[in-house]
Amino acid sequence: MDIRPRDTDSDWRRRAYSVIFESDTPAGRAFDIAVLVAIVLSVVAVMLESVQRINQQFGAVLRAVEWFFTGLFLLEYIARLVVVRRPLTYAFSLLGIIDFMAIVPTLATLVLAGSRYLLVIRTLRLLRVFRIFKLGRFVGEGEFIVTALKASRFKILVFLTAVLTLVTVVGTLLYVVEGGQNGFTSIPKSIYWAVVTVTTVGYGDISPVTVLGQTLASILMILGYAIIAVPTGIVSAQMASPRATAAPTYKQVICHVCQATDHRPEADYCWRCGEKL
Amino acid sequence: MDIRPRDTDSDWRRRAYSVIFESDTPAGRAFDIAVLVAIVLSVVAVMLESVQRINQQFGAVLRAVEWFFTGLFLLEYIARLVVVRRPLTYAFSLLGIIDFMAIVPTLATLVLAGSRYLLVIRTLRLLRVFRIFKLGRFVGEGEFIVTALKASRFKILVFLTAVLTLVTVVGTLLYVVEGGQNGFTSIPKSIYWAVVTVTTVGYGDISPVTVLGQTLASILMILGYAIIAVPTGIVSAQMASPRATAAPTYKQVICHVCQATDHRPEADYCWRCGEKL
Amino acid sequence: MDIRPRDTDSDWRRRAYSVIFESDTPAGRAFDIAVLVAIVLSVVAVMLESVQRINQQFGAVLRAVEWFFTGLFLLEYIARLVVVRRPLTYAFSLLGIIDFMAIVPTLATLVLAGSRYLLVIRTLRLLRVFRIFKLGRFVGEGEFIVTALKASRFKILVFLTAVLTLVTVVGTLLYVVEGGQNGFTSIPKSIYWAVVTVTTVGYGDISPVTVLGQTLASILMILGYAIIAVPTGIVSAQMASPRATAAPTYKQVICHVCQATDHRPEADYCWRCGEKL
Amino acid sequence: MDIRPRDTDSDWRRRAYSVIFESDTPAGRAFDIAVLVAIVLSVVAVMLESVQRINQQFGAVLRAVEWFFTGLFLLEYIARLVVVRRPLTYAFSLLGIIDFMAIVPTLATLVLAGSRYLLVIRTLRLLRVFRIFKLGRFVGEGEFIVTALKASRFKILVFLTAVLTLVTVVGTLLYVVEGGQNGFTSIPKSIYWAVVTVTTVGYGDISPVTVLGQTLASILMILGYAIIAVPTGIVSAQMASPRATAAPTYKQVICHVCQATDHRPEADYCWRCGEKL
């Protein structure tokens, strides 16, 4: 649903909306960048607070910073609610919920001490960064990547299912072969190991010890090594394909006799009924 | 050999076959999805049973679930045998054997306690997932990947042979250079290490300690890093090649009036002069 | 600003400049290669000095070598200052500063013992290697890579931002899930872990222990595994694009006699009929 | 130099040469495959001998197998020497030396016990595998990969130099930042660590501990992650490029008037001076 103020709404509201929610005016862009800077600073403060040594020395300052930014974000959240046409639609949209969750944890610490952990949600506001990318050169580039990924989404899904089946089967096999005493204590843990291996991460927290286990692991690794060619090939081919750049392969005309579409660009006659286009 | 019922077979049998073995009718699709869900649930139950803590608490329930699904799969297996034209052909086909092996381990636990380990085979039934992919959008995408891989299979084989020779030579070299006291206790183990390294997995369970060993390992790593470009390049090039997208994009016919070619595959009339093809 | 000597400058200066700063004459090329060899030798000496065992035996020799090369580089630096039109412009350019920093650490050891560590800066002079690449076959190839990377720089920036947001969010999540007792002692350290994981490096110095942590890590790994397809796809597509190889492959002119097109860019005569274009 | 027998040589010699050195006759192919099988079997025997437990039980048998194959390879080597036109040319060619080195280590054990380690050289004979690839379908595919790699060799060299400079600079930096107590005991070892990291192998035998070190390592990892796109892009683009398939872009003729080259394949007239080619 459209949350933009109506054209009949007061002028200040339409202007405030464009500043807060849009970023194609200088003021709107400045607002977005200011919010972005505030998010980064507040996230950095949360990060530093998590470092024990820093927390012991500057804990009070960092908590003050936390409250300051929470206040700012609260004001921003209220402004957003006031300015939109349908406050509830915004409040229950994904971005609206993230905006809300960025405030709650700090407030909740008044009641519940451990709730600070929920501050992790504020980090998600960093995703707003992509909003600002809508401007200037980044539009095309970002969209290019997203389009290529979208066009490949079925291929990637098929690929992911194949990988998941592979790690399930190989993980279970190594659970049977290696057993608990070598770290493969359960099938889920063995599947975790298979994921660590097939993606070539290889922590080494669990690794096969028996000869059969190492042989199976070697096969899995070489498979994983070869398999990575598939998503890369998919995305590369998608990005390199002329369709990725030029869309209309077919003439945008419908035969007035048989309603056939998808004519060749140079076609003068319908391919289905032979009628002149 | 064809296992489909003959056209002269009774109606219910032909219908049952289409439900159980095919998936282009709504009923067939529903059956496939039901089997898929049952496989996933039974595999999840086996997985949970392998987690010691869960096994101690819910072991009885999980074993009941295991027997329930084994019963279901037994019924399904019998139904498959009854419905096909040649039961033996099905029973000894790859999918038939996997279907059979998915039932046996649970039954075998009555005689032999340790046989539960063979339940790993049931996970292979997950491969049935790809059967269902035959439907809808996934056909083309799955086939696209398989076609690209098939077309590159000789290149990939050459590549794999080169990698295997490389890991054998480098693995043996490091066995000589590092020796047993640094973890390289035998040539097969050193080859395992070389595979772990060249695929960039790098567990770290074995790693070179001497200067010469680390130098050789560095060269192997950079080679492995560069080598990964080869399978990726092969698959990318294959997928990006115009042949990969669609072989017969155009009808292989020339208009006898205007000699125009490149007609759409379904075209009945020439797109240039409107003549019947 | 142009630092080349004026055309009205003395002849020896213009010649010295071409030898020291340029590499398209035999003398200039020889000078560049000599400097390159000196850099490599001096860097190797610094490296060997850092190996304790070698330092104990050959420390005196290596320090002598260090002083010898420092003297050479000092002479070279002075020559560069003398020869250019604007010494200050050179002295404050990036390459000028690196050249200067390659001398200072050794001299500074006279005053401050620990300053040898700054010798690391000399390694940066290796970047001069790329100057010499300007010659012969390497020009085109090096430029090809740089051009492809430049053309993709916005796409790569968008990609990097996405990766950074991902590691921040997932790193924070694992800090909350795993906590300090499993090695995730602070959010920055958890983000370091997320980078180690998403790039598939996987040291294993920190790795998740809890079931939830391992599940999240598995998702991150598969994401990282799929994500690597994006930069690869971007660069591959860029390099494969016809614009990357050569924009105006053919002269945009049609022969007025035989209507032939596709002439070479420098062609003055039609390749088919020999008519002047 | 040509080592093939002269046309005037005796018939049996020419036939023996074609069997032993070539593989385009059925007999030649059979000989090559027999040698290949013998190499694989003898290498497997050497591998098994390196496994302590197997060595204790079957040591005598394996050593007998070793002597048997050494005898075979000796006969083969002599046959090769007899059959060629210039025995010395063969003996000092790369393949000739490898063939010779595959025999020596076993013989040398009679004099020197430890010389068995040199058996590693026999593994190099596996490279002969590629000779057989010359047959059938593999010719084209193998050549395709080699051609693509050759065409990219300058790009790959530039890329490797960049990577080597990067690991030298970053390795030295981490030596300074982390120091010996965290495992970075010398600059060469730190460079080894940088290679392990930038190639995303990540053993974890050495890993940064300080905050600054981990930050620098993170940057290196993300660089390494992005950098892998370059060789992949190079090879993909090379393989996908139409030139990879069709070579002669230009007519191999020089204008006898103006010495211009690089004429279009169909050109009848020089593009520079208009003279008939």
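To keep things simple, chains are lettered A, B, C and D as they appear, and every chain counts its residues starting from 1.
Definition applied: contacts are C-beta pairs under 8 Å (C-beta built on N, C-alpha and C of every residue); 3 or more make two chains touch, one makes a residue touch a chain.
Small disclaimer: the values here were computed from a predicted structure and weren't measured.
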Intersection of the contact lists for subunit A and subunit D: B, C
Farthest chain (mean CA position) relative to subunit A: D
Copies subunit B and subunit C - rotation angle from C-alpha fit, nearest 5 degrees: 180
Interchain centroid distance [CA atoms averaged], subunit B/subunit C, Å: 42
Centroid distance [mean C-alpha coordinates] between subunit C and subunit A, Å: 31
Averaged-CA centre spacing for the pair subunit D and subunit C, given as whole angstrom: 28
Of all residues in subunit B, the ones touching two or more other chains: 188, 191, 200-204, 228, 232, 234, 236, 240
Subunit A contact footprint on subunit C (complex, rising order): 154-155, 157-159, 161-162, 165, 168-169, 172-173, 175-176, 180, 185-188, 191, 197, 200-204, 207, 211, 214-215, 217-218, 221-222, 224-226, 228-230, 232-234, 236-237, 240-241
Of all residues in subunit C, those that touch subunit B in their complex: 200-204, 232, 236, 240
Footprint of subunit B on subunit D - complex, ascending: 43, 46-47, 50-52, 117, 120, 123-124, 126-127, 129-130, 133, 137-138, 141-142, 144-145, 148-149, 156, 160, 163, 188-189, 191-192, 195-196, 198-205, 228, 231-232, 234-236, 238-240, 244
